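One structure coming up, written as structure tokens, with questions to follow.
Going in written order, the chains are labelled A, B, C and D, and every chain counts its residues from 1.
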Amino acid sequence: MQSEGKQIKVGVLGATGTVGQRFITLLAEHPWFVIHALGASPRSAGKQYSKAAAWKQTTPIPAVVRDMIVHECKPEHFADCIIVFSGLDADVAGDIEGAFRAAELIIFSNAKNYRRHPDVPLVVPLVNASHLSMIPQQRSLHCPPLKKGFIVTNANCSTTGYVIPLSALERAFGPIESVLVTTMQAISGAGYPGVPSLDIMDNVVPYIGGEEEKMEWETLKILGGISQGDDGLKAFDMHAQYPLRVSASCNRVPVIDGHTECVSVRFTRRPPPSPQQVREALAAFTPMAQSLGCPSAPRRAIVVHEEPDRPQPRLDRYYQDGAGVSVGRVRQCPVLDIKFVVLANNVSIGAATSSIINAEIAIVKGYIPS
Amino acid sequence: MQSEGKQIKVGVLGATGTVGQRFITLLAEHPWFVIHALGASPRSAGKQYSKAAAWKQTTPIPAVVRDMIVHECKPEHFADCIIVFSGLDADVAGDIEGAFRAAELIIFSNAKNYRRHPDVPLVVPLVNASHLSMIPQQRSLHCPPLKKGFIVTNANCSTTGYVIPLSALERAFGPIESVLVTTMQAISGAGYPGVPSLDIMDNVVPYIGGEEEKMEWETLKILGGISQGDDGLKAFDMHAQYPLRVSASCNRVPVIDGHTECVSVRFTRRPPPSPQQVREALAAFTPMAQSLGCPSAPRRAIVVHEEPDRPQPRLDRYYQDGAGVSVGRVRQCPVLDIKFVVLANNVSIGAATSSIINAEIAIVKGYIPS
Amino acid sequence: MQSEGKQIKVGVLGATGTVGQRFITLLAEHPWFVIHALGASPRSAGKQYSKAAAWKQTTPIPAVVRDMIVHECKPEHFADCIIVFSGLDADVAGDIEGAFRAAELIIFSNAKNYRRHPDVPLVVPLVNASHLSMIPQQRSLHCPPLKKGFIVTNANCSTTGYVIPLSALERAFGPIESVLVTTMQAISGAGYPGVPSLDIMDNVVPYIGGEEEKMEWETLKILGGISQGDDGLKAFDMHAQYPLRVSASCNRVPVIDGHTECVSVRFTRRPPPSPQQVREALAAFTPMAQSLGCPSAPRRAIVVHEEPDRPQPRLDRYYQDGAGVSVGRVRQCPVLDIKFVVLANNVSIGAATSSIINAEIAIVKGYIPS
Amino acid sequence: MQSEGKQIKVGVLGATGTVGQRFITLLAEHPWFVIHALGASPRSAGKQYSKAAAWKQTTPIPAVVRDMIVHECKPEHFADCIIVFSGLDADVAGDIEGAFRAAELIIFSNAKNYRRHPDVPLVVPLVNASHLSMIPQQRSLHCPPLKKGFIVTNANCSTTGYVIPLSALERAFGPIESVLVTTMQAISGAGYPGVPSLDIMDNVVPYIGGEEEKMEWETLKILGGISQGDDGLKAFDMHAQYPLRVSASCNRVPVIDGHTECVSVRFTRRPPPSPQQVREALAAFTPMAQSLGCPSAPRRAIVVHEEPDRPQPRLDRYYQDGAGVSVGRVRQCPVLDIKFVVLANNVSIGAATSSIINAEIAIVKGYIPS
């Protein structure tokens, strides 16, 4: 382990929950970051982490946090943290993250609360890291204006998976006109206790509250650009120049980790690319996070499978620690142009790993004062 | 039980397999049919049924077949049967069913072998029972011409589920132009031993060999009509007047029984019907099988759910013994016109129940000499 | 349906929960009982049942309760009920059931709260219906003494399954000396929402809080008799004359319904019976509930399987609507005497069905004034 | 990776099967061994490994074997291998392994065929590595006598798990008199395709053919010693001095990897040890494999859990790559003396890992000429 570099103090909010546990597992092994403070609900505050958390990971609690005392999620307990990662539940994340930012703290959040805010980047690190350029405006428009503090969010786990290949396709073939996506989402996407076993064993639940709206909206913000208004202010353009229609159908299936998504796309460009061209473009996709040398970025952003029956969550979700995505079955769609299957590990690139890579990019790009 | 009416002798081919077991379970309770002969592989022939079959149903082996001796699948053993139901595997169904028809036997088959034959009706009983009118031509074009024998097939289990609401929609709103369907199919669709548990537990397999092609092709034959050529011969028109584009993505999920399908459709008619109009049309759908008084037809062909999270296979697959289908989540599709979720019990209406209702219709309509 | 006999008004407490839903499903079809009142938490009170309950059964909500208004669990709302069935959670059952009894109501409860009370029969209907003879003493010792009201409980679902064959064995071969039982219990035993899917998919949880103690204690009360003290008072003797040692190990497994239990027993009698004698004794077992003509009693209390790999929950739990139990793999135990496997449907004979048969017996035996 | 030490050439028989794939995964990372030859059925022979094997591991095929040509399982193809690991199926393992030994090859086999042979060590590496001392006699009694060749087998996966704590207990507290064990075994124990999903989803199968007999017999050979007869020949004594009664009940449960076992033991020694003494003895257990510096031996042979609900297969099977076992719930048994729960990863210490540690021990102890 490169412990010589471990000098950036970070905090974790929602540290006892499932996303928080995942943050801790990743950060404990991270070459740059050292876990300095843990925040959770008042019920957990004051306890040793190992007593406060119902640890559900398949690796033991990292030694570095085992005896650490959990704090309430108040900025004063995190004053020494350069970065704070948030795995908070949506019902409390809005207020807490806002207060942290107001206290000049830097938040990378997995919660949904600020994703739709006009000055907050919604960043899938392998797709739209360039949206971090909104940070200065976020600071300056804050009341009072901020010197350091900001919030960056990552996307919903089901959005994250499929925007990565969509982004690769737009980069190679120009604007996409329509996307129809049907998801088969893992139970871990609902947190803990999450989905009751009586609801999902031997079953499919063809509905996840709010998920389809999130996918349809977030896709536009992530794949869109940033425009500049007459007033000099920047705005996320929601893919405005080439209106993009997105139709999502979200299902919960009895899978522990890994969201599988069947995607059909129609390109603006006529004729559309062939399946083989699509395969090549996906395999060649190299996001900025890789060229910047981010330690948590996957070596291959998109693995393209040739076998007819891949990707599969149980076999492919662990590859590269779940930091990339897998695509397979690229073929023509008789209704739109091209269809394929995406697999993304919802607890890795779909959650904590995204926040961490976002932070790595922000560091390299100079958005975080050292 | 109405045993007074039980006088139509029937046989079952592939009697020891999963579809055969389902045929037997249904026929043993049927008001019209009495099981008279059982056929299976040479390995099973000569044995008592209870010894030959690895019975996997949740009800005990019906007393009527327990000690019945299993025969090889040769026409002479079924000479007294008015109807023969076939649950044979595709690798043997072609030859055996052909030989049975040549021997003037009447076959209702769940196998795929004759589905694409130009004179063989491919009938989903709640959709296109009118296709039975091809039977006379099938007999007359046979070489040598037949007096009694014919083959009627039912559709693939995943096709069956969604063509029922599609048919209801075409009847109400005119031709459909495009359909995009993503299936989440139960393991029982693959028979026994079928899917290895190591392949499907905690997993999704985004591929079922040949299934997408079957869905895309069968839909056209089933939803299409019958045209008459200049030579006086009839032909299935494959929805020719209004070409219908179908795109299917088929997935296997860890569900025991019940195929769930996410469907998006675009109508020819502009403007398209509203979700509420679609809901009403689906709920009002009354197929011929019901008006004919077929005892195995469901009371409600399509149950339309208002709850946001239904249908679900585990909760809804048993309703009406699986003879109807459930539709839910009818809503606008941002890419096509309307999207919804269908659930069909693949071992009931998706297999044996369809064959049996087809036979009931054929009896009522006079295609089966008594 | 024998509606002419349906004249005994009954109520259901905890009507919106999983046990309550099961009570309602069974009572709606019952030849003697008619559902008259439903009780649930204050949150549900005042609502129509179909609005208050998240119905999770595989059959639709019975028409008779769909629009019935749910009450709070207060005796005044149940004054017209001859019998009240309780599916209440343990945290509220103690107070509510006590208040109902004090108001001269008759309670058959699935809750654990009164199981250990010295005057309350803990009755597995296929085993110790004779314990209902404690009812008069329960009334007379109540303060103030009661004319009508009493409480009868049924046993824990995992206890119920294996005491049925144990009882059959003691009846045939005399006292059992030791029992070692390892359970593999279904998730439905924990109610709803119950076991989080993240805890049980692809997993075994080798612990169920309090379950082993319940099995070890309840077995003694159920298999024991009633003794009479010098003071004329009766007492449950806890199998005192032949002390019985019970060792239970309880596990949760990913099965929806049906508890499977591996049981080894040592008899007092030397030499012990042979496996074949045990098989015959189990198959011949005929409990009082059957001879009394109770409509919900199974035709066969114990089904003995000869196949080497049965019983299995998925295949055998539905037999006789789950009102009996299945036993298989009867063989010698190299450490104790005999070992075998029991399967009991925890939501049927392990819960609501037991309460209902108990009530039927109590009616026939005259404990319930008409 | 310590590639400098990788100089011992090894072969793998049954290389395309599940155990073979596991051997390859482990050997590709092994500090001492280098994979030199792969053997499989004639159907696979002549193909590249990546073409011949349906790879089902969650890590990609190791580069070292991807393009290696698979051979038939004939000794001439393995002449350069110092050690041959066998993951062959039992139906062919007997002849092939015998032929390999006769050709002076050294076999470490996971197959059951030679386990009961009087001169073949049946070695659980954390328990009875001393049984390797039978190797010279095995060679000298072979006809014709061998200079190098021998066979060492490891135990059945369900035996392996629980003999490790049993051995620790005998070492600390003297002979065990009786053991009663109930297993809940993972589907991967049955290989691929193995258990059909229709048999195990939402189910328990209370029977695994031959498994109980294996556990009851193998336990005696493994926990027993080696005695010397009057003729100077050694023999495995099957725990003869203190006859040990073992009763096993084996169940298949819907778990992918990891056998959970509920164990009750009675000691010869009176009074028996307390639960706390047992916990301490288990935690302190240090097998020879560790002191010998075997690279695949776990750091902790037995992890003793204090949490009431552990071990659990999904959470604990990956610890130390599955090379140790987990024990929890140590408590008094009301029938025997002490009961506890064991979890062993059946595909690691229960299979390939055992063979590999056995080979490491044999190298260190000088049984393998270099």
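One rule holds in what follows: a contact is a pair of C-beta atoms (placed from the backbone, for glycine too) under 8 Å apart; a residue touches a chain by one contact, two chains touch by 3 or more.
Labels paired with UniProt names: A, B, C, D = Aspartate-semialdehyde dehydrogenase.
Source: prediction; values computed, not measured.
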Contacts common to subunit A and subunit D (chain labels): B, C
Taking each chain's C-alpha mean as its centre, the one farthest from subunit B: D
Inter-centroid spacing, subunit C versus subunit A (mean Cα positions, whole Å): 49
Mean-CA-position distance for subunit B and subunit A (Å): 43
In subunit A, residues with contacts to at least two other chains: 56, 201-202, 254, 256, 314-315
Residues on subunit D engaged by subunit A in the complex (per definition of touch): 56-60, 201-202, 256, 314-315, 317-319
Contacting residues of subunit B [partner subunit D, same complex]: 18, 56, 187-188, 192-202, 254, 256
Subunit D-touching residues of subunit C, taken from the complex the two chains share: 178-180, 182, 184, 201-207, 209, 216, 245-247, 249, 251, 253-256, 260, 262, 264, 266, 308-315, 328-329, 333-336, 339, 341
